[in-house]
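Input: structures, listed below.
Here come two complexes built around chain A, the first alongside chain B, the second alongside chain C.
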Partner chain A sequence: MTKVKSLADLKKMKETLQAKIDLREKGEAAENLVQIKVAMATCGIASGAKNVMDFLLEELEKRGINAVVTQTGCMGYCYAEPTIEVKLPNADPVVFGYVDTKKADEIIEKYIKNGELVDGIIPVNYESIDNK
Partner chain B sequence: MKDLSLHILDIVQNSVVAHAKLIQVTLDVNTTNDYIELAVSDDGKGMDNDFLQRVVDPFTTTRTTLKVGLGIPLLKQNAELTGGTFTIHSEPGVGTTLKARFLKSHIDCLPIGDLGGTIALLMCSYPDVEFRIMAVVNSHEFSVSTSELRDALAGLSLNDPSVYPVVKEYINSNLDELQITNLG
Partner chain C sequence: MSKYKMHLLICGGTGCKASSSDAIAEKLKLELAANNLQDEVQVIMTGCFGFCEKGPIVKVLPDNTFYTQVKPEDATEIVKEHVVKGRKVERLLYVDPTKKAAIEDSKHMGFYRKQMRIALRNCGFINPENIDEYIAREGYQALGKVLTEYTPQQTIDIIKKSGLRGRGGGGFPTGLKWEIASKNHADQKYVVCNADEGDPGAFMDRSILEGDPHSVLEAMAICGYCIGATKGLIYIRAEYPLAIKRLKVAIDQAREYGLLGSEIFGTSFSFDIELRYGAGAFVCGEETALIHSMEGLRGEPSNKPPFPAQSGYMGKPTNVNNVETFANVPPIILKGADWYSSIGTEKSKGTKVFALAGKINNVGLIEVPMGITLREVIFEIGGGIKNGKKFKAVQTGGPSGGCLTEKHLDTPIDFDNLIAAGSMMGSGGMIVMDEDDCMVSVAKFYLDFTVEESCGKCSPCRIGNKRLYELLERITKGEGTMEDLERLRNLSQVIKDTSLCGLGQTTPNPVLSTLDNFYDEYVAHVVDKKCPSGQCKSLMQYVIDPEACVGCTACARNCPVNAISGERKKPHEINQSICIKCGACMEKCKFDAISIK
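For the complex of A and B:
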């Protein structure tokens, strides 16, 4: 990649980026994307949520997975930070705790790619039979 | 917090939650006078005097999930550990300004960390907020603003996943020139 140093360089990058985005957005409605929220309040940041978010942003792009990664506030599981919530298309969101980059890699490879559950799920979004 | 940029990431979220439309962040590193000063100011909803008095107390928070809020207390503690100072001013409806000053040569002074990544992450995560960020190293400066990036990348949304790495590289290559991270 050429070095991007001035605003003019950024402008030059625009075309390449636009092409990339157009290619991706064809036929991809938001609900068909993997949505990931990284908890980034004081507790999350202090336990390394930024590294995890960087890792997710980079790796998902590299591995060609269409995903939206956003920040969110504290979900109330400070003991298990960094936590991330992953919502696969047409599935209930799942919250994972103690996510470092190694765990994030496992989540991408197993859960996001194949739908296999991995250790470290915080059972918060379950529905009990009574509530159905 | 392990480094100063994580503090920035954390503190700026307070401004975002306070519905700020403009957030200015200045990190001033001065090796001659041996200090690092972090200033964050916003035009959010501000705090009244009563809340302002209590805001450095770890048991003061606006969030509803927990009874503690450590962002400001931790920043204050880390600044004061180095023999530095911490001040915060706020006015309801006008906004909030806070300044944390660290003594650079003190052994407890935090390293600056991944400043470029933090700035890029903030700007790309909150594209509706106008960020004006300035890094100063011994009076050499680099500044970047959301409107500037938006002009250069006209039509692209800042929170698109493929935009973030480019913005990050742009900021990092300019910060490298200032050698801000090498000063640790």
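For the complex of A and C:
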């Protein structure tokens, strides 16, 4: 076991260890972060939602975006799976349909980074799944 | 980097463990493995979440779902529904008792909304048996900062400026205590952590040690640096096996990382910590008695001066602080004295942990800023009185404190206000009483405890408390006189003034405060020979209403002492000289014909 020899040592350790509890800290502060829900019911999983979720987790981390990615049940848009709901801080949630990794990439670059809407939004009278 | 997408936190405090939280964790792990999710979802045993009323708790992050009263057999559903399909298990969510609606997110629960967690910052968040998680939460950085950037005096000044006061009960300024110890010169000095939590109903120290042991170790090392001690001792009662185990694990890990031991952070400072076990005597929470107990002597207090800071453990300068006090130190160093002193009231800074118990809906552990009112604590965080009954009083400060009533509900809670109201902060136990509680019996209950726990060294405490208890017993039996009430008050005052240590000086408080606030109840016992709450058995009678009695004989058949007589289909009667007041007849009566008078 390496010993902690200086404060700088300890701070470096903290940075590496941060990943262990990152998920928990983000969860506690979710309302100030980008929140993404991936629909992971049978329909979503069959259409590749798992890949999309892995892609989002990995890419958001790589691109240094603080986000909370969770899975949720079927949103009722089975025709458009995989679907994801993105909620930027202080904004209403938006649902995107037919999200593959390419689309996910576009959503990160345009909507999450710049707030620019992209194609594929499931529109009209959409309410967040939580309000139903 | 870990690939975990979800964390399942399970409460590993003593309370939830007793409700088989270990089995829940095991079952969750098995279910995850069965679904091949063991690499995506991590199961973590944490310390206490505080919401003991509804334990065992399972918290799911990052979506912040809070499951209550989970049983091992629920693990399958949690994994199949929530983890695999993303659907919350509705029936396990906490239901708000006033709104009758399920709350998914713990942040929206009344219990958590008004809390502010400093001492409990890591409880229910990290795995207490893993130092890495503590380090990830900036653990040991305060120690590093102090050792490499501040002199001992600068550090003491920060603590002084923060306004931190001892959380064990006395409320003595912590920085000042450290400064006094630092100015006494000796070849060896000691830092002692008082983990001899003895108040009935209080469990904040245990929860901190079980949920975040490293924060106490770190703070003790900081204190050692400030006062010039290289040895730390934790005096903990043997009834806390889980806290002891986690402390041992924590000490070993800290030594392994070089955060305890010699030349910490590459400086010349060395510090190590050992455990000392107590046998659970209440008086050993008093610092001189605690020190004698650690020395292998009888746990009896001695006269001050000399104060422990001059001559304590083994005759050397010793600084004794309570667990919760220590747990506040690292955040103060990292965030600064100004941050800490911005919280709380003018003379009581920061937060205080309270253990809510008694007739309250949300029994549990809470941490709130000083200055919050009793009303907020009892009715908002605590969720009000059980079964919709009426609030009567709250005992703060344990057996040494006093009871506060309706008129104190809007008083901001801090050290000085509680004393002014005739009670004290104590270690933070809060026992809530409702309309059914008899205040004379409550005072008698606490006296019973202190008579048992008095060490016997000084006579006011040894004999005086026993006499107080006997007086109270007479009153609850209906044998008291008005002179007895005067005698109670006088004797209480003598015990307060002449006892040797804090135990005897405070034991009459429950008597005095109930006399002050509920004098009518005492008078009812003495003059009318009645107990208004119907608690004192000697003063009540079960009577049968002849109008309502149909003569079904159910009461007579169930009376264990054959005190009820009467002909079938005719009103029955209770022979009061035989009746033992067990209440079995009243329970059995289907016609509400039996009442207490």
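A few notes on this one:
We adopt the following convention: the second predicted complex is superposed on the first by the 97 of 132 C-alpha atoms of A that agree within 3 Å, B and C clash if a C-alpha of one lies under 4 Å from a C-alpha of the other, contacts with A are read in each partner's own complex, and residues count from 1 in each chain.
Methods note: a contact is a pair of C-beta atoms (placed from the backbone, for glycine too) under 8 Å apart; a residue touches a chain by one contact, two chains touch by 3 or more.
Please read all numbers here as calculations on a predicted model, not as lab measurements.
Applying the stated contact rule after C-alpha superposition, one finds that A:61 touches each of chain B and chain C.
Of the two partner chains placed by superposition, only chain B is touched by A:78; chain C is not.
Of the two partner chains placed by superposition, chain B and chain C are both touched by A:5.
When the shared chain is aligned, chain C comes close enough to touch A:39, but chain B does not. When the shared chain is aligned, chain B and chain C each come close enough to touch A:21. Residue contacts after overlaying the shared chain place A:53 against chain B and chain C alike.
Once the two complexes are laid over each other on the shared chain, residue contacts for A:122 go to neither chain B nor chain C. In the superposition on the C-alpha atoms of chain A, the part of chain A touched by chain B in one complex and by chain C in the other spans residues 1, 3-5, 7, 10-11, 13-14, 17-18, 20-21, 24, 40-42, 53, 57, 61, 68-71, 73. Chain contact summary for the complex, chain A toward chain C: residues 1-7, 10-11, 13-14, 17-21, 23-24, 26-28, 30, 37-42, 53, 57, 61, 68-73, 130.
Residue ranges on chain C touching chain A, taken from their complex, read 1-2, 4-7, 9, 61-64, 84-87, 104, 107, 125-126, 132-133, 135-138, 140-141, 144-145, 147-148, 256-259, 265-266. Contact residues of chain A toward chain B in the complex are 1, 3-5, 7-11, 13-14, 17-18, 20-21, 24, 40-43, 45-46, 50, 53-54, 57-58, 60-61, 67-71, 73-76, 78. Within the complex formed with chain A, the chain B residues making contact are 1-2, 6, 9-10, 13, 17, 63, 65-66, 69-71, 74, 114, 117-118, 121, 125, 148-149, 151-156, 159-167, 169-170, 173-174.
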